[in-house]
Structure formats: C-alpha cells, structure tokens
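My questions all concern the structure below.
Chain lettering (A, B, C and D) follows the sequence in which the chains are written, and residue indices restart at 1 in each chain.
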C-alpha cells in the first residue's frame, strides 16, 4: 500500500512536470496549430539559463525569472524571424522549426558548453517528509503546486478573459477574428511567446528534479510533451494537464514493474489513443487526415 | 423497366443542427442525362458529395447497381464506376497536363503497383491520354505543368481526367463554374457529345437554361429536399419549382 | 460616395478572379451585387475587406484609400463583413460571439447591446449556449447582430439567404430593412426576389468584371438582362418564366 | 476519335516525353570523374570522405523519396539506416568476416525494415502531416532507447567494433564498391520515380484527395513509399557499417534523420540528385569546418551555419540549390512563365 501511494505521488509529480513542459506546446500546437519543433530547445534554453542564474545568485526565484525571460526573448525572436512566415503551412512549419532547433541547440552548446551541468534542489525545497512509510519529497509537492497553478491560471485565462476568447475564436476562424477588427497576428505572437515562456518554466522546474541539465533533454521532453498534448487532445489546456497526469502515472507504475518499458508505455499509450480517439481524449480538432 | 443505376433511400446528412440533405429518395436510370438543379444552398453539391463518397450520410442508403455503397470509401466507388469532377479545379499542379490524364488512364487500367518498369513503357497509356486531350482540345498544352493552364482549360483537363476513368456514371459538378463566357460553348458541346455515348450522366448545375436542352430528366432540390423531378417541360411548369427559385418573398 | 472601387484586379494564386471591378456605393440604402456563380461577387467583398488584397486598382472608403490595409484595420474604420458561412465561432457561446465585437465598454456600446437584444429576442434567450447549436437562421441573425454592436457605417453581407427556409428568408428581409436605418449595406445575393425586395441599386458582375449597374426596380422589369447575366429565367421557348 | 493519325500522335508523344540528352550527360560525366579519382589521388582520407558522401547520399536520396516525392516529413528515418547498420555489425561480430554473411545482413535488413516500415506506416500514415512527423520521432526514440538499454547485444552508446571481409578492408576497393552501389541505387530510384507507382506518389504529393478520386488507395501507396525508402536507407546503413567497422546507437539517433533532412533540403527536394549534391556539400563542409575547429573551437559549432543555411533555403529557396538552378534555367528558356511562391 505504501509503495502504491509513493508511486502515485511520484507519478503525479512527474505528470505535472511533463504538463509544465507540455502546457506551452498545448498553447502553440493545440491552439494555433503550429507544431514547434524548437519547443524542446526553448525548454532547454530556460533550463540552462535558469541553472546559470541559480549558480550565480543562489536564488531559485531569480533562476525561474531568468529562465522565463530567456524563453520569452528566444520565443519572440523565433516568432518574429521565422515562425510568423509559415502560419497555416504545416509542412513548412515542421521544416522551419527543425532548423530553429538545430541552431538553438548549437548556440546553447556554444554558450554553456556541451557537457552535463549538475544542479541541486534549492535548500528550502530539498528533503522530504516521512509519514509512516509514505515518503513525501518536498520538491515533488512544489512541482504539483506549480503545475496546478499553471493549469488553473491557463484555463481561467482561456475561458474567462477577452484575450482567451480571441484565442479560442482564432483557432476556429482566423479571418473572421480579423474582420471583427482584432489584430490576430499580434494575438498569435503573444500566444507563441507565452508558450515559449511556459516551455522555459518547464525547463528550469525540471532541472533540479533531474539533478542536471544536458544537451539531449530538449528533444526527449518535447516528445513527451507532444505525447501528452495528443493524448489530452488538441486545443484543450485541461486535457493536456490530465494527459500529463496519465502519462506520469503510467510511467511511474511501469517503472516499478519493468523500468525499461517506461518510455515505451507512453508511445503505446499515444498509439492506442490515436487509434481509438484520433482527436485525443478532450480534443476538438482532428489528427486524422480528413 | 430497367433497374435504376443509382438509388438513394431516405438519404440524409446533418451538419450541426442544419439538415443539408433531407430524406432524399431518388432513382437514376441508366444511360440517361440527369441534371440536378436548385437555388443556391439547396444541397445540390452536398447531395453530390454523398453520392461520390466525399461525405457519409447521417442516415439513409445509397445503392449502386443494386449494391449498397453507403459505407464504401471514395476511391473504391471510383473503381466501381462512379467518376466525378470537382467544382474547384482539383488537379495535380506540378505534373504536366499529359501526366494528369495518364494517371487517370493508369488508374483505370488497374496497374497501380508497378515499381520497376518505366512509365514510358506503357505507351498505350500515353496514347489514350493524348487522345483524350485532343478531344477536349488541350493536346497542344500536354507538356506544360498543369498549374499554368487558364481556369477554363483546367476545367477541360478535369473533364478529360474523368473521361479517362471511363465511369459508367459520370458525376459532374458545375463544369462551367468560373469559366469565361466564351469558353462555355466548348464545354456545352463536349457535354452534348458525352450524352450520345452509352453512359449515365449526373450533372449538378445552377444555371437552368444551360441544362434544359441537354437533359432527359431534371431533379429539383430545395432546402435539402427533393422538390420535383421530371422531363424539362414538366419541371418548367411546376409551380413549386418556380416558388423555390423565387425564394418565397413578395417583391 | 461611401465606397468606390476603380479598375480593381485580384488574383487568388494563379487565378485572375477579379479582372476589372468598378463600383460606387452611395451613402445609405442597400446596393445589391448580382451575378452568376463564380462571377467574382464573394471575392469582391473579400477584396474590399482586405482578405484577398487587390493587385491593382483603387479602393477608397469615405475618400481615403483602404487598399493594402490589413483586414482588422479596415474593420476598425467601420466596415463590417458577414461572410457566406456567417463566420460564427461555433465553439464559443452566443454571448462570447457578441462580446468579441464590442471594442469599447462605454454607454454607447451598452445601448447598442440593448438595441440588439430588442431586435433579436431569440438570441437573448440563448446567450449562454454554444452557438454551434443554433439553427441556420439563428446563426445568420447572430452574425448580423454582431455587426450592429459597434459603429459600423458600411456592412458587406454575402448571400445571407443561402440555405435558409423561405420563412426565415422573409424574416431576413425584415431585418435587412431594419439595418438600413443604421448603416449602408452592400449585399451579395442570389435570391433574386430578396434582392428585389430590399435593394435600391444593383451592380452586376460577370467573369470578374462589373458589367452593369442601375436602379433595382428597373432590373426587375428587364427580363433580358436577368436572363443574360443571372441565368434566373428559362429560355424563351421553355414556356413560363421560373 | 479525333482525326489525327496514330503515327503522328505517337511521334508527338515521343517528342514530349523524351528527356533532353544533357540531363544524362552530366551524371555520366560525373560518374567517369569519380571512377578516375583513386587513379589521380592517393589520399586515403579523400577516398574515405568521398565514400562517406556516397553512402550518406544514398541515405539522403531514400529520404527524398519520402519528403520530395511523397510529400511526408519523417523524423524516424534513421531507424531504417540503423537497422541495416546493426544487422551488419551484429552478424559480422558474431560470425566472423566472411563475405557470404554480408548477404545475410542485407537480406535480413530488407526483411526487418519492410516489416517495421509497414507496421509504423500503418499506425502513422493515416494521420496529418505534423502528427506523422511527431509519431515517427516517437518510434525512432523508442527503438533508440531499446538499443541503448539492450546493452548485452548492442553495448549501448559505446558501441562495438567488428571485422569485415578482407577484400572490403581495402579503401580503394571499398570506394569502388560504394560507388557501384550508389550508381545502382540511382538507377533503381530513378526507375522507381518514373514508374507508374512513382508517378502516383507524386500525384499524392500534389493532391492527395484527387489521387483518391482517381481510384488510388493512398495509404497503400504511402506504405510502398515508406518501405522502399526504408529498404534503401537500410542499404546505406549496411554500407556505412562496413566502412566504419563499428556500430553504436549513434546510427539510430534523430540527428541522423535530421542530417538526411538537411542534405535533401539544401540540395533540393524532389530531384534525387539534389540529395546527392546535399550530401556532397555537407560532407565537404563538415570535413573542412572540423579542420578549422582545430584552429578555433568556435568552428566546433559548425552546425549553426548549416542550420541557418537550411532555414534560409526553406524560407527563400524552397527548391534547394538544384531546384533553384533548374528553375532559373527553365525561366531563361521560357520567360513568360511565372512561378508562384511555394505554399
């Protein structure tokens, strides 16, 4: 029973962590339909610059802010220079953002070096509580809280605010939003930059949990994020949160039984969802070729 | 009495709350020229898309030569003998005009998976494709990428492609839409020639005057329902039809 | 003139859709654009709105050029557009669809809101519902209501009667007559009876060019013109006029 | 029937279809030069570099079948390359360097790759472009991790080396072997893209819906494309393993697929030769820039340059180098033709 509770807590924390990475992708891909292959690179940019800021200042708050600031700058530049030119052209999007990924990854290596950099959990969040066999790691609880805050805030912004309304309307019919005197391009830039900021936030949150940052973490996490968005369904922020939890739990339980299979289980989970429900569990738009 | 080649039974499709095609029961007899007419938004193109397999109905059935084809995907309907054109010219833009038609000839021949012989070895495909291009007066442009054709020429190419499929039933959706006025007579003449052949033609058309002399049967749709069918004279005299076209508003 | 187009040409991809569009829309009343399917009526409206920008020619609104402006900037000048498919955001509620149109939160907007609720009582009942569940006619009314919420002085409406039952079309005619009190309307319409019922002036487009314009009541009498450009009557040997 | 006599018509068609002779002279000339290279230069590193360019060129051409001729973006193509490489490595490492086992490696590779391409294709090809791209990435990652974790067989990222048959160890011999392989594959792929099936693939790239309405089963054709591209990639993998005499999980990485993507895009998609050109440019530049890296470490990050070049090409020259050259040539001949910006 204790094992089960521990595994569930682990799974929840991992799930929330994946959701943090996926939330940005959920915005950009799920709502704008742009598959950003550089998402993992922005995530990594956030992680690296956060770790750097942490090592300089010993303040995790500053590290979070620095990571997100870098994410915002990188996202803004990427949108301005390239992504803007390929809205509505899916194949070109994949090709262009792949190029961005290559360039960003190399720039990161040039700036921070190609090696693994160790990072520790900030003292305030380090350690764990032992409740009679149930081990509660503080940083995991912190992750779950941050994940919940992002999920609730994102959901609130999308459903209750004017900007959220514009985004949802834009997903359905961009032209018509323009006709209503709204500058959709600016809205999309804003969404893209927010997505980048969330990716970077995911990066700096993930770094202490992994104990280190490395140049391969981008692509791996981007894939997990994509799996989560597909499972949760395009255009559903809450769906992505639930997808994250599902993937986190499935991973945690399999890791206990058969550690080698934990990634396989995600891919298989996605394959099953796509075969049975091509729109994802909570999705609106379809993944299947019409 | 011959069996109908296409029969629809209570064919219905709904989009959201809107019933675009509403319980249509229609028999189309073989070797006839049938035109479906109706005011804009009557459900003509939707009905057409149901027949060709572009859409699947919410309820009801479609029979082709007595067999239920309601759930059969589009590419298999083509192989069964139903060929259609598209209102928006729908061709392969970067392939040449000849290649566009040849692909259709090849599809008809059943040679789909032949990966090692050069396509030029199949000279009969090219010959047939060329002959078809001659018949729509496009042979002079055979070697051009089809994206460079004028709009009217694309419609002609489109017709050559469908003819290459040698369908028993030819489904034509407004073949003159978007054509320059001077190009229309050539297409009308082509349609008139198709009529003499042994095939069933189903034409969706907005302009009544165009189909009047060509058609054996007119079918009138309005608001998704089958309003009337009969020979052109019967339809002209039908008061319901007149009302539908005038929109039911006192001027 | 509230709107004028001179020698406008528009390409969509390789297609030279609009070849020579010239039109003048005076302030007030309804100007109907008529023409066969594929003649370029919809593209004309979309070109005015900046959705398919023209490659040549001039478009002026109240004497100022709006050619080349992005659609949202054109909309901000007070031009409303209702596309053929109504452009309702079906995943949003009726209220959200309306709110998207309100750019300000001032008293005027509030009074416009009340006015719209008075004109369209059945929308008022469905404010909190997803607009995807509305009937075709209700969607059309919602689309019109949306343009009434701000100070639009020119309204471009593309085939509002399409796919609507005759009784709804009759209601639509009433609403368009009501609209005339507030704005100038440019209407693309295939339903000739509706065009005749609400329009003051007509413009005929054929093959991407404006070929004829004049007073609506005269077109109503001119069967030859109707047959030639609109294809709405039967050939003379075919018996009765349909 | 129109009143044109059959011979006239035949003549017309022949005239329309036969390629200008110049399109064959260039490749044949190039082939002759390449045949002569070992006779001119004794430089082993030059031969090695060219051999690698040939092999990566084969891999890039196989990718062009997917990207340029079928219009699909895969991120899992290295999976097939890796399968060929591992098949070769494992067989030689376990059995010893006999030439006969090479055919076992090739045959086994073909069989395994076909099965994998069919299964993965069946699961993913029905989905939209972007989904397909991401799902192939997921499968590639899955197999990569299997290779990483299955250390008892693969030795993971450290890899393992093996001996190859003596005759293939000679650099000059192997240079010619890979050149012959390249020539054969060029001939095979050219035939494939000009075959009835190949033409259907191009039709699918242009307009999937219309191809379906002609009566073609689009999914089946995409599967064929996937299998052929996969099998050719596995040949490249076999050849690569024979040259390196070493295999590690590096052959399965996404980077390997992205290499093919870069080569194909830079050289020009949908031309086959563009992929070869891309392989040549990347191979040469990689070689030259890593030499420069000894002078200044900033050149270790030479990939940045490629990334930027690649982005520039996707944005401004969608035809790549070869496509753009061909376009310039054809517009010179036909000045009236306007070409719309890529969509």
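One rule holds for everything that comes next: a residue touches a chain if its C-beta (ideal position, glycine included) is under 8 Å from a C-beta of that chain, and two chains touch if they have at least 3 such contacts.
Just so we're clear, the structure is a prediction, and the values are computed from it rather than from any experiment.
*Asks:* For chain A and chain B, what is the smallest step count along a path of chains that touch one another?
*Replies:* Shortest path length, in steps: 2.
*Asks:* If you average the CA coordinates per chain, which chain's centre is most distant from that of chain A?
*Replies:* Max centre-to-centre separation from chain A belongs to B.
*Asks:* Cα centroid separation between chain A and chain C, in whole Å?
*Replies:* Roughly 43 Å separates the two chain centres.
*Asks:* Using Cα averages as centroids, what's the distance between chain C and chain D in whole Å?
*Replies:* 53
*Asks:* Taking each chain's centre as the mean position of its Cα atoms, how many Å separate chain B from chain D?
*Replies:* 41
*Asks:* Taking the mean of the C-alpha atoms as each chain's centre, how many Å separate chain B from chain C?
*Replies:* Going by mean C-alpha positions, chain B sits 30 Å from chain C.
*Asks:* Where in chain D do residues touch at least two different other chains?
*Replies:* Correct list: 340.
*Asks:* Tell me, which residues of chain C touch at least two other chains?
*Replies:* 14, 90
*Asks:* By the touch rule stated above, which residues of chain A touch at least two different other chains?
*Replies:* Answer for chain A, listing residues that touch two or more other chains: there are none.
*Asks:* Over in the complex, which chain B residues touch chain C? Could you list them?
*Replies:* 16-18, 20, 39-43, 147-148, 151, 174, 177-181, 206-210, 212, 223, 232-233, 236-237, 241-243, 245-251
*Asks:* For chain A, which residues are in contact with chain C within the complex?
*Replies:* Its residues touching chain C are 162, 165-166, 168-169, 171-173, 175-185, 284.
*Asks:* Under the touch definition given earlier, write down the residues of chain D that touch chain B in their complex.
*Replies:* Residue list for chain D touching chain B: 1-2, 4, 6, 9-10, 12-13, 16-17, 191-192, 194-200, 202-203, 206-207, 209-218, 220-221, 224, 228, 337, 340.
*Asks:* Please name which positions on chain C make contact with chain A in the complex.
*Replies:* Spelled out, the residues of chain C in touch with chain A are 49, 51, 70-72, 75-76, 80-81, 83, 87, 89-92, 96, 99-101, 103, 146, 150.
*Asks:* Going by the contact rule at the top, pick out the chain B residues touching chain D in the complex.
*Replies:* Counting only chain B, the residues touching chain D are 52, 73-76, 78-79, 83-84, 86, 90-95, 98-99, 102-104, 106-108, 111-120, 122-123, 125-127, 130-131, 134-135, 139, 142-143, 147-148, 161, 165.
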